[in-house]
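One chain, chain A, links the two complexes that follow: it is found with chain B in the first and with chain C in the second.
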Partner chain A sequence: MRSLQSTEAVIAAVLVVVMLLIGLINPAFWGVDNLFSLARANVVIGIMALGVLLIMISGGIDVSFPAISAAALYITVRTMVALDYDGVVLPFIAASVIGVLLGTFNAFIIERFRMIPLIVTLGTASIVRGLVLGLLGTSIVNINKMPKELIAFGKQDLVSVTAQNGATVGLTAMVLVYIGVAVVMHIVLRHTMMGRSVYAYGGDPESARRAGVNTRRTIYFVYCTAGLLAGFAGLLHASMIWQANPRDFIGLELDVIAAVVLGGASIFGGRGSVLGTMIGVFTLVMIKNSLILMKVDTTWQRVVVGVIIIAATAITAWRDRKKLV
Partner chain B sequence: MSEYLIELKNISKRFGGVRALDDVSIAIRPGEIHCLAGENGSGKSTIIKVMSGIYTPEEGEILIDGNSVGRLDPIQAVHRGVQVIYQDFSLFGNLTVAENLALNTYLLEGRKRMDWPRARSMAREVLARLDVEIDIDADVESLPASGKQIVAIARAILAEARLIIMDEPTTALTRHEVDALFAIVRDLKAQGIAILFVSHKMREMLEISERLTVFRNGRKVAEGAMRDFDEPAITRAMTGLELDEEPYAPEIDPAAAPALEVGDLRVAGIVHGVSLELRPGEIVGISGLIGSGRTELARALFGMEKAVARTFRVAGRDVFPRSVQEAIALGIAYVPEDRLSEGLFLTQSIERNMVVSILERLRSGLFLDRKAMRDKTGQMFRDMQIAAPSPDTAVGNLSGGNAQRVMLGRWLLTGAKILILNGPTVGVDVGSKAKIHRIIRDLAEKEGLAVLMISDDVPELTGNCNRIHVMHEGRFVAEFRGADMTEDNINDSLKALR
Partner chain C sequence: MAVEAERKPLIRRLLGEDAAIVQLAAITLLIFAVMAGLNPDKFLRYYNFESISYVMPELGILCIAMMVAMLTGGIDLSIVAIANLAAITAGIYFRHPAVAESIAAGGAGAVLHTIMGVLIALTVGLAAGLLNGVLIARLRIIPILATLGTGQVFAGLALVLTGGPAIAGYPQAWTWIGTGKLLGIAAPFWILIVVAVVVAVVLRRTHLGVNLMLIGTNARAAVFAGIRSSRMILYSYAMTGLMAAIAGILLSGRTNSAKADFGSSYLLQAVLIAVLGGTNPAGGKGRVAGVLLALVALMLLSSGMQIMRVSNFMIDAVWGAFLVLVIAINYLRSPK
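So, the complex of A and B:
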């Protein structure tokens, strides 16, 4: 555990350095409005990242969660529109259940046929995307048709202040949801036998089996929970941007995996923490946000994300390999 | 109350048509240090799996504390106090010592919550009981092999083990660590815990065990108190052969040019001026502690290490190999210490593993000459007496001794005149070892190969070499030959270096 803490300290130090650098180049970075918008941008990616973290600790990888999120949010919102239903709690439960079902599919294939998670989740992503577009259509549900209560939920602010330019900016209350999910995830990972089983399984599946870990249950737990978080995050996203787009989140898997790796999780499994992941997400979101502020082309942003994922993976791989010697 | 903690009676176990265990019995008393010896494939691993409930035997009876247990399954075995420590320890490198120790117990108790304070106090307690100091908050992967083994033992004790079965426990340990392990084992004995060592390292068995059981080909061939056995007797029981080897004394033609002549070879910081002469037909040994520079010397001779030398002559020619390719072209071959990581392709066939060193020569146009490939490897497969159905068998399925012979075959195919062997029989069982020695001696004697043999195993050197250098801190500090070349002399010389 000590090594994890030091890993987190390193990531936090990187974050602070990057923040100072960005602040030097662009003093507007430290503006309240920018910081609030940064926090807002963390919420959905952060919740997804916590799911991916869980899977990466278990030694797997998931590229299907953006498709799961999109499916969960689109199916839920379209159903709400069709039924003329408005509300918050039930839709979030529905979106989460859709996520769990798709996660169960991943877990079933991976566990039953002992297949590589990357291939399985790639396939799942393609199937889910295709089915949603094929069966439900491609039209975007816009603000005029979006359920009002869902919008109202996503609109809530924690505090609002008046920025220098006179506009009122608020800190979205959804950060509380994010923090809540993170706290629960931390407790699960750190203080339950289920969470420790995930670490054990990710460290050495064969030894975990010998030690009496129910490996089947562990795999289902991991992929179902990640599916749940993806479904939940999907609908949260819709309620925050007042729109339901079935083509949402395309290409997001790379950003999220980059953030998790940046947060110190090992691509070999067995290592990673909630705090590290949150710092990793914040760093990635901040860098992307700053590139936008600096008017860097989106194509170049892809380059930066690519560089981050390779550099962060190389560093963690180097760290993990060094320990083996 | 029965005299025995666990008793296996007339156990038979078959896999397909193969009888892995044929009517064997073994009994272990409480607090006894028992040794189970046997070569690869003798049924050692099978009997461990029967004892720990992983395999169910077709015939026979298992008694624990004198009561027949009928069918033993793994959970029952654990509940009755049978714990196995596998060679890989089955620990979690990514978790701390404390968690590794607590995890099994917690899982066994069916807990839902991870109780960290209790895990840490459990760990502290059990390590105190073993009288060892290990940082309980360190990740297990940061521990040396000996530390991992102690954690594995501690975990077995926490599971209330009454019998701890240890599979090849001394393989990854230095001599000093083996002594520490034995101290712990004696301590466990004093606490009434029985230990079953499964090993083929006879010297260490003789040191610690009280009773011995020997398996060969799925049958029990010997048992009794350890004091009734000596090393040759155990070897005889394990192999069924007399393995007396007369010392190697080749007739060297003093007029013939040395195959290799090296003067004042240096590798920066490691080898400080070594001079060496190897004549055709000679087997020259190098003994030395780890860190003496012996491996770097071998690698330098093979063009793998940056080195300088005053003279470097191969068959009278002044040349200095700067790369492995050049060394091979000069007729030098090197069989490394760790053949698994430095040499063999485990998923590939014996044939492919052998020809990899001569692919260039087998080329005809853009393609490989498959017939020449078959002929050459087929011959070598027979010469090396590799026990496998055919040269198409994957190397990963071979025992250590056979794998080593594949490696030897690969280098002999290059037509090497100088063979450098680093730990030629590490991890190889006794019978196979003798076979490898025979092959090496024949190659030197009949084919005029010049062999440099680096080994930790002093009897291996004295039994096969005609000269032995002792290396220390990058220099040759002593040379033994003829009547002086005894195990005791070399051991004394090594001891003086410590």
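So, the complex of A and C:
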């Protein structure tokens, strides 16, 4: 436990140093509007990252969650538009259910055919994206057609402040949703049998089996929960940006996986925490957003993300080196 | 009796170690028959097969590259980015005023500069592959994450080099590599054959190939057996990078352009074809012949669907479904 805590302390220290550096280069970083927009940018990626964290703790990896998110948000919004239905609770339940169903599909193939999760989720991502774009079309549901209540839900602010330039900036209330999901996830991982069996399974599947962990149920739990979070985050994204685009989130898996690894989770499974992941997400989002503030050309963004992935994995590989041959 | 004795091993081979190949050949024939039956006049045209022979090689070489990475239980998610980066670097070389002038003058200078461009592209591929190899074999980063990261870096560098838009205007000799003909057969197809034969020989007949199979079968045992495991893995990723660069040359030669995000769907297809071709993603098993058969099967499938005007999105979905189906078949066939 202590090593986990120290891992988080290291990430937090890195975060603080990076923040100070960015602040020195461009003081605008500490502006309320920038901090609020940073918090806003954390919400959707953060919720997805919590799902990926769960999968990584179990020793797997998922590249299908962006496709699941896009499918859940687009199917839900298109259905709402078609039925002329407006509301908040039911759509979010629907999106989550779509996520769970797709997650179940992942779990079924991974568990039944004992296949490497990366390959399985590459395949399911392609199926889900292809079917959504092929059957439902590619047209974006824009703000005029988006259900009004969904937009109103995403628009809510916790506090709003008037910035120096006169514009009003608000801290989105969706931050509370993110924190709520994180707290639940933390409790599940740390204080329930299911959460402990995810750690046990990720640490060593065979030992977990012999210790009496129901491995099948664990795998289903992991992928269904990740699917649920992906579906939920997808619709949340739509309500926050006021449009539904079936092509959203393409390539996002890289950022999210990078953030989770940066947060100290081990891809070998058995290690990782909610707090670490949240710090990892914040660090990655902040660095990406701040590249613009620091007047770095946007074309360099991908290089920076790649270097962060390599550096973070190199450090975790060094930390976990004894586990290797 | 003598005939019997000769036959038996063949039958045993067909049912035993070559069962996967036989099964694949059957799938390929089945797809061919179905597609030919569904659209007889369009599918069976010479033109259709000719166009397949131009498009197939770049994907095929990426598939073989993926298979080589999978032999040791790894994976290379950066191959498409390497291919694009290699083609773009060469494209930038051709853009250099002095080089462009010499190419415009034609003659031996143009050919010489094209060869130079090919060497540059191959060097970029080799360097990228070596970087992957160092990260995986020396720093012990898990291949998925290492190549995910380097893939971002390579794609990012390609974006930085081009600033976004595609690079066009490759010299004639370069586009010949992607569109030309040699002895009536597409030039890229010849390159695919050469790459396939070389890799098959390396895997089957050299120390490197045998060692890679052993490492993939049991990494720990391989170390105890005295195999210089990390060096072998380094070589395998260098090979993968080199092949990715060749694919990049073919792609840019065929389309006479290169862009940072070309061919992104090739990544999934390369994984799919490698797995369909009997490669075990956990390592230790993989054959060039299997990958080539799987490649032909899926090229026929997608060309048939394109003729039937199935949308590209649905074709993507079918590819994914095929991958899942293959996983299921491989599982059911394998001894439990």
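By definition in this document, the second predicted complex is superposed on the first by the 318 of 325 C-alpha atoms of A that agree within 3 Å, B and C clash if a C-alpha of one lies under 4 Å from a C-alpha of the other, contacts with A are read in each partner's own complex, and residues count from 1 in each chain.
As a working rule, a contact is a pair of C-beta atoms (placed from the backbone, for glycine too) under 8 Å apart; a residue touches a chain by one contact, two chains touch by 3 or more.
Model, not experiment: these values are computed from the prediction.
Once chain A of one complex is fitted onto chain A of the other, the partner contacts of A:A82 are absent, as it touches neither chain B nor chain C. In the superposition on chain A, contact of A:L24 is made with neither chain B nor chain C. Contact comparison for chain A: of chain B and chain C, C touches the greater number of residues. In the superposed model, A:R114 makes contact with chain C only, not with chain B.
Of the two partner chains placed by superposition, only chain C is touched by A:R129; chain B is not. When the two complexes are overlaid on their common chain A, residue A:G212 makes contact with chain B while staying clear of chain C. In the superposition on chain A, no contact is made by A:A167 with either chain B or chain C.
Using the contact criterion defined above for the overlaid structures, shared-chain residue A:D204 touches chain B, although it does not reach chain C. Annotation: chain A residues 324 touch chain B in one complex and chain C in the other. By the touch rule above, chain B contacts chain A in their complex via residues 86, 88, 90-96, 99, 103-104, 106-108, 111-114, 116, 137-139, 141-142.
Looking at the complex, you find that chain A touches chain C at residues 61, 109, 112-116, 118-120, 122-131, 133-135, 138, 254, 257-258, 261, 267-268, 297, 299-310, 313-314, 317-318, 321, 324-325.
Those residues of chain A that touch chain B in the complex are listed here as 1-3, 190-197, 199-200, 202-204, 206-208, 210-213, 266, 269-271, 323-324.
Contact residues of chain C toward chain A in the complex are 75, 135, 139-142, 144-146, 148-157, 159-160, 163-164, 219-220, 223, 229, 268, 271-272, 275, 281-282, 311, 313-321, 323-324, 327-328, 330-331.
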